[in-house]
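I've put the structures underneath this note.
Both of the next two complexes hold chain A, though its partner changes from chain B to chain C.
The block that comes next holds the complex of A and B.
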């Protein structure tokens, strides 16, 4: 119990300090501010004249969630690379804290910036494209967003694990950005994907998070059920990430890959 | 007393390309006793930093055994991480956009310090390293010396039994270097065991209870700084200031009768030749003949320093009375 409490305290404190570290970078902040607005503008213009009409709120959600995923992936991919270039990675690995607990607040901090992306998209849509600011279940929406942020952070840990062993793993994160967004139902509903790839979608925790967020905003579908599945899958990710990080860090120790040089 | 660090037959290989390895540490053995201030000296690439990284558990040994407080660095990594405080030299290793206080908070949490201890230790350490008045400032505004002091505070947060310092005074100005040496001495006087690597002979001489010199991954000397210096008894050093001396002339000077070592140091656009030779076999006249045509400045003859003894040891000069402990 004591261990759980101190782990929770560490996670909260580390998340806050990582938020400070990330958000005070000018280039990063500029990217984080501009990207959702760009996504939103493109999405609204694309769907405005599309033959198959989607509700403006649904379009805003898709663009906002895409921005959220992009922020997470960008932040997670850079998480290990940043620690390596700052010379902090070796110190983190040498500490007694399990690496999963060290990396998680860094990637969750990136995912948290995605909340801004979601809000900015809605604000931009309301101001310039007439998107109504209505949320069917505000409390469930807040819970769904929080769970989705956590799950995206966990997926981010899995992505960032590759960077421990391969400093130049950016190609991997670039390659998975849009496929994961598609499979998660961020850009188009999962029901419109080919049947053969749908099982992959069901294994992605963010897909269930996205479904919960959509249901909470648009109404007409259960929210609790996808949230539960999202949480269960996230716990599996957590266990997988803990094992994967341990294995990869041991390999990195063997191959001397933790330092910049 | 008792051994805090026990390194036995340590070997570490690095793969340079497929099927080809480079040996950075080659059968190194040494012991550091409780409360000792132990210096690890050696030229660049000698294996000092590799040894330090194995001790701090971020690198696995290829073979051999490394124990800290009786625990194996591979098998008991987590327990060992609480025993050691690592202070790396240089600008990196801190979160630049966070304040000094926030950096310490983060690292205190990493080492599981409870809230009360953290609240007490952070101001105490900031005060000790002279950063109390800059605690809320971002690290990116700090000078190199201030960063180094923050590194020290960070390394001491969890009150480690063993403090490991890798080139702590590298790049510091003389005043900051002196301040750092005072801090290191205080640590040892407080009963902590300190293992440090350094390039600076004066630092090793004034600080360390014992030193080991390693070269090509092997220990070539272990003992006191005074002991290493005494290996040059009966020798003298002639320093000749010149400019433009090429390798051919240096080789010719090296070949002179009675000359043991010739060390060339570039200093602010000029060269200083340090020629070690037996007392009574003054090589000055012969060396000046070999330097004919080059500008020659000051010439001084002195007794060998620790640096001269060290240069002699790592330059492959004939061994005098230098002892290598088993």
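The block that comes next holds the complex of A and C.
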């Protein structure tokens, strides 16, 4: 019980420290605020005269969620690479704290920046594109956003674990930003994807998170079911990331390849 | 002849030594994969919205793809010297600055061209670009002009690296502004006033419009490409002046090695 409490205290403290640290970086501001606003502008202009009507609220929401995913990827892919470049990775791997507990606050903090993305795209949309600032289920919306942030953070851990031995993790993360966004249905519904790739969407926790957030804002669809699926899949990611991280770290230590030099 | 050799070899060696973009671990995801998945994303979005044809997005994204390699790698051409602690040595050398940093536009141009060509090929393969053989020369010319323009604009942005600590932020912002204002995803004609003005100053806007006109068989494509080249020359000239001014200021204030 004491171990659990100290781990929770460590996670909360590390998350807060990471939040304070990354919010001072201008690149994070670009990824989490400016780029979602610019993308939202493109999407608003695309759908303004489109035959396929998409409500401005839905467009703002989609752009904000894309920003949330981009911020997560940006932080997650760099989570290990930054430790490596600062020369602290070996020390962290050798410390008694499991590496996953060190990485998790970094990726969750990056995903938390996505809240700025949502605020920015809604604010921008309300100012220039007539987005109404109304939320059908405010409490469920807050819960859905929190769960989605955690989900993206956990997916981020999986990403950083998968990239641990790749020398240019940032470059690789750029390449997976759009495929995951498409499969998660951030702007275009999953139903419009080719049938062959749709099963992949159902395995992505962010897809369920996006669905829950969208339902909470727009109303007319259940919120609890997608949230439950999202949480269950996220726990699977956590278990998978823990195993993957351990296997890859062991392999890197065996071959003395942790520094990738 | 020696100057030309210096120009080509210097740029190539700098890219090999100072940038990681030529290593497969960066080249494959950044130059070959990312532009293609970005194209697929906007194709899907465009199909769903139903406003424009597939060819509209393929041409727009392929020519915008030139910016990813051309603009971004050029933008960090100055700051990479600071990162490697070689900026002082480089600026202490008697070599012409525009020659030195301008030589880096050649590999940037090649990378931009490669990115654009790969995106165009991917668009053609997924069936989004119905093209006749007669239209190919103009499309390739538009691609070349877009790559020239992107690297010229990148040189201008990179020059700012003498003054700012965080050129990656500036380069990323410029790249995003290019995506918004170049008309790659939304026709420039539908832009509100201020965005329209910005579009006219950005690289690639005219190349994209020229390529689309060429595919639609409309006149005026060659004139647009010529204007884009004039604009690129303007970027290079502005970069030369800015470089001289910022170098003088940085030396006077001892701020060359800001990091």
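The rule is simple: the second predicted complex is superposed on the first by the 249 of 261 C-alpha atoms of A that agree within 3 Å, B and C clash if a C-alpha of one lies under 4 Å from a C-alpha of the other, contacts with A are read in each partner's own complex, and residues count from 1 in each chain.
By definition in this document, a residue touches a chain if its C-beta (ideal position, glycine included) is under 8 Å from a C-beta of that chain, and two chains touch if they have at least 3 such contacts.
Predicted model, so just to flag it, every value in this text is computed and none were measured.
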{"item": "Chain touching more of chain A, residue-wise (chain B, chain C)", "value": "C"}
{"item": "Touched partner set for A:139, first chain B, second chain C, both or neither", "value": "neither"}
{"item": "First, second, both or neither for A:96, with chain B first and chain C second", "value": "first"}
{"item": "Partner chain in contact with A:6 - chain B first, chain C second, else both or neither", "value": "first"}
{"item": "Which superposed partner A:34 touches (first chain B, second chain C, both, neither)", "value": "second"}
{"item": "Touched partner set for A:258, first chain B, second chain C, both or neither", "value": "first"}
{"item": "Touched partner set for A:239, first chain B, second chain C, both or neither", "value": "neither"}
{"item": "First, second, both or neither for A:178, with chain B first and chain C second", "value": "second"}
{"item": "Contacts of A:47 with chain B and chain C, given as first, second, both or neither", "value": "second"}
{"item": "First, second, both or neither for A:88, with chain B first and chain C second", "value": "first"}
{"item": "Contact set on chain B toward chain A in their complex", "value": "14-15, 53, 56-60, 78-79, 81-82, 86, 88, 90-98, 102, 105-107, 109-112, 114-115"}
{"item": "In the complex, chain A residues that touch chain C", "value": "26-27, 29-31, 34-35, 38-39, 41-43, 45-52, 54, 166-168, 171-172, 174-179, 181-182, 187-189, 192-193"}
{"item": "Contacting residues of chain A [partner chain B, same complex]", "value": "6, 9-10, 13-14, 17, 20-21, 24-25, 86-88, 90-97, 102, 250, 253-256, 258-259"}
{"item": "Chain A-facing residues of chain C, complex", "value": "20, 23, 25-26, 29-30, 33-34, 37-38, 40-41, 44-51, 166, 168-169, 172-173, 176-177, 179-180, 185-186, 190-191"}
